[in-house]
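Both complexes shown next keep chain A, but they swap its partner, so chain B is in the first and chain C is in the second.
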Partner chain A sequence: MTGAPQVLIQNPSPAATATPIVASRCIRAVNLIKEYHTPVGVKRVLDGISFEVAQGEKIGVFGSNGAGKSTLMKLIGGVETPTSGVIERGLTMSWPIGLAGGFAPTMSGLDAIRFIARLYGAPQGHAAEQVDDFAELGRYLQLPISTYSSGMRARLMFGLTLIANFECLLIDEVLSVGDQRFRKKCHEELFVKRADKAMILISHDQGIVREYCQQALVLKRGRGRVFDDLDLAISIYRTL
Partner chain B sequence: MSERFIDTPRGRMGESLLLQGRVIRALMLRQALSRFGHDNLGVFWIFAEPLLLAGAVMLMWTVAGLNKGHGVGIVPFVLASYSLLTLWRGTCSASIRALRANADLLYHRNLRLLDILIARIALDSLSGFAAFTVAYIVLNLFGAVRDVDDALVMAGGWLLLTWFGWSFGLIVSALTELFEPAEHFVPPFLYITLPMTGAFYMVLWMPPSVQEVVMWSPIVHIFEMFRGGMFGQQYAADWSVMYVAGWCVAQMAIGLPLLRLAQHRYTTG
Partner chain C sequence: MMLAIFGTPSQLTYWVMNTARLAAEVINGPMAVLTANTIDELRVRWAERGHKPVLFHADTPKRDLVELFLRIPGEAIVVIEALDEVVWFTRATRGLDPQTALRFATRSVCTLEDLLARSGVWSIDGGILDLSLVSFSDLLIDRLFSRSTPDECAEMRDKILAYNSDCLNVRQAVDKFVKVTLADRHERSVSGLFLQGDVAKAANVFEACFHHGVPRSMIWPPGVFVKMSDLSYLEGPIDLTGPARVLIGGHSLSLPRGLWRATVEISVSDNMSGNTILSDIFAEDRPVCAGVTSLPSKGTFSYEMEFECSDPYYPIIFRISTMEGAIEGALNLNHVQFQQIG
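On to the complex of A and B.
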């Protein structure tokens, strides 16, 4: 990776994204540290996390509850800043898939679609079709999101992330919500149709990580290590 | 389909501006939707509010028999005060913990906190000015208010208040995020500084010694400018655009780094 010329593709067309990986086209976290100030003193939630995901690569993130997964997600997602360390985003990156990112409850499903389409410069008519192909909400799209069931909401939120053509997808346990059919469709959209995208996959599902990821980051109490050997990563995660 | 739409940190200047324009437009439309709703009654009330106020004032003054001989006319005076004050107070109140309120939006990588704050003030300012204009035209048609003297000066005053409110809002946003108790100081502050806004008097009504004091307030300058454009220069004290602009620049110089610090310290908890 080092020493390669820094080539920036300003306007990645579908053809350009298929070209060989260039050094700067990746998501890279270097020595991330995150400290929270609490009434019982400073708490270091993340302590020196580093990893790199190049175009088309997938990394799984393992960790038991409280290991720092959500904090890592907030830092990568950019909603919080690290206390120290750097996150380089050389790929266009999604918001955490499935997360309700800034939709007022009074907005209808269609409003949310239009908002995301405007924000990312996608044609609105096409976006609505695309989302509903997945979400199957039909006329419910015209009702406020606050009236949706949790399943409907999950389908809409997932569908929204399909509008923008992200190069790196941030996935936090989305595959563990919803019914069988929803999970199957998510799986199809993510791992079949978007098999060429980079992914940061936070999941308890070791099978998925083993099947699709090239590396895994195992977190324990804020410290973490990247393994290329997934079986080793999984066995270590199991002993935690 | 263009794919040049996300997180281009090293993009060219023009491209960045285009992207920012698109992001702000999307945010304004989102804001308008959540504020005014779908049934269009929300929009109706935006325009109805100032008219209701003007109607009530006219009624009160007619009943009290005071509707004559006040130099500038009470209805346009109250209408101007109300519209300017609504923009100013709205800006301040909406800035309280603006970061926390909008945190979820920040997951979208091509959107910055500053875009959110710009979009909000732009919508507030536009809708406020539109409401004022519609109310004024309606009242003018009914002969309740005179023709304005210089609409451009009024628009300038309105823009100046938009800038002033926005830059002050930056400081409010940052302080309320950095120090939890700060939000409790904002409403009393707004109340106590009411006399320093010029909403309830024209500077020339005051004795010279008082004039000297109130002209230290940048908001008084803005109110005088707006009413100067409305009634004619002879009714307003000498306002200074440069004085207000100086305040705005100073507030931005304090507010922007403070906001950056607040964002760095911010935790969703």
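On to the complex of A and C.
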């Protein structure tokens, strides 16, 4: 049969209109507040932070020391809970890469690999190979993590991230540790091989943020504001 | 002979200069006008004229020239006309924009004011406009040429009255003089030549401080300050968001010599992340006073700054800068009040 294609117009059924709207796939933080109780009273570390990262988008996070960057990363990564506010995790999300911890120090590198592989349903043999390719720890993988240097630990943690195919990567200054070769490998894994992933990237490296991010969150004394204008965000950060 | 006439760049000054020259030429023959605002300029230009009799004029004398004339005896005239007259005249004759004209006018008024302390000075202001021409002629001759012979005095009076024929008083003579010298630019009603809005307000309060019995206090409204981001005049609050930078500057007016207190009133809003501002007062490209203020989250506040204005030749510039990058907050400069305290 030839001729113009027929366009069928159907009224939506009652059931269809009742279907809840599926939230767009993104990480969304809404009015996050984080307070800690200290001997001198309640300290508000984060105060009303809101931002959104959609699939494939990258946001840089700037702030001087004590501005709340790492606390924010812990909240987003689920390591800690906010005092109030909402975090909608519409994407599978890594733990904060660069954040030391999360594994018992008595665990070996291989134990950690097996644990993560099991958790994310990845073949263990392939996972170990993939991590070692990146981390180059060799036989050290059989030793407890507590015996690792900070550089070895950073390489392991980064390598473990590669096991799971996260849709959003939380990166906390990982690019500022290790030697030049390690940084180059990190850069390759993150920004070349995983260019299509969403990222929340804490970095003092303004060039990285300018090159790869579409927006920047600038934190100051616990408050935060998202800028689409990266030059403006960087100029603010430089004089914070 | 050097007949010295200091005066604001305004119509009354030029008319007085012209009239005084008419009289002086009876004794000295043709006299050139020599304009200088520094000793060096005076020295060079007088030498160029072979040290012949000149009518010397300065509208914004620098400190060295003022001090020279304060030290030496002799007759001199200081004409200080109302600020709006100076602004109008400088705009009409020199094409200055309103703010530049006001800046020039205040510099002139403040530097000339120092000369009023000189003995033998004849101070002239707008109050003389209603004097009859005959009375003014007699006064001029009496103040400047008292040693002249009766014949010379009579000739001087005749020349002055002849030049200002048909004029009954000084005001009419000045108006006629301006019509002749400015041709089609003399219309005082020409729109735009007078100051408007906040700049006019600033000029008015500025002028008031020169009147007898009025305390030396003035308020600079926000509209006379410049937003440094685009050099436009301030209108409403400034968004603090951005890198550390100079937010506000202005308004480059001279103040009379002395100790001053600046009271700055600001309103702050949405400043939840605690910004800090630096306020400073500049004169001659150097700070004469500076202070740091931590801004509260919101509200209206004031703070004071004391400084010395040692040379009115250099305009006072008040600035507000943020000391660190800001992600939020707004600042409104309500006004800056200047009060002389010594």
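The definition used in the following text is that the second predicted complex is superposed on the first by the 215 of 240 C-alpha atoms of A that agree within 3 Å, B and C clash if a C-alpha of one lies under 4 Å from a C-alpha of the other, contacts with A are read in each partner's own complex, and residues count from 1 in each chain.
FYI, a residue touches a chain if its C-beta (ideal position, glycine included) is under 8 Å from a C-beta of that chain, and two chains touch if they have at least 3 such contacts.
What you see is a predicted model, and the numbers here were worked out from it, not measured in a lab.
Contact with chain C, but none with chain B, is seen for A:Asp47 once the two complexes are overlaid on the shared chain. Of the two partner chains placed around the shared chain by superposition, chain B is the only one that A:Ser108 touches, whereas chain C remains out of contact. Of the two partner chains placed by superposition, only chain B is touched by A:Ala164; chain C is not.
Shared-chain residue A:Tyr120: touches chain B; no touch with chain C. When the two structures are aligned on the shared chain, A:Met93 is found in touch with chain B, with no touch to chain C. Measured by the number of chain A residues touched, the leading partner among chain B and chain C is B. In the superposed pair of complexes, A:Thr81 makes contact with chain B only, with no contact to chain C. Residues 1-12, 15, 19, 22-23, 25-27, 29-30, 33-34, 37-38, 102-111, 263-264, 266-268 of chain B are the ones touching chain A in the complex. Those residues of chain C whose C-beta lies close enough to touch chain A in the complex are 241-244, 272-274, 324-328. Within the complex formed with chain C, the chain A residues making contact are 47-48, 218-225, 232, 235-240. Interface of chain A with chain B (complex): residues 8, 10-14, 36, 74, 77-81, 89, 92-93, 95-96, 99-102, 104, 106-108, 111, 114-115, 118-123, 126, 164-166.
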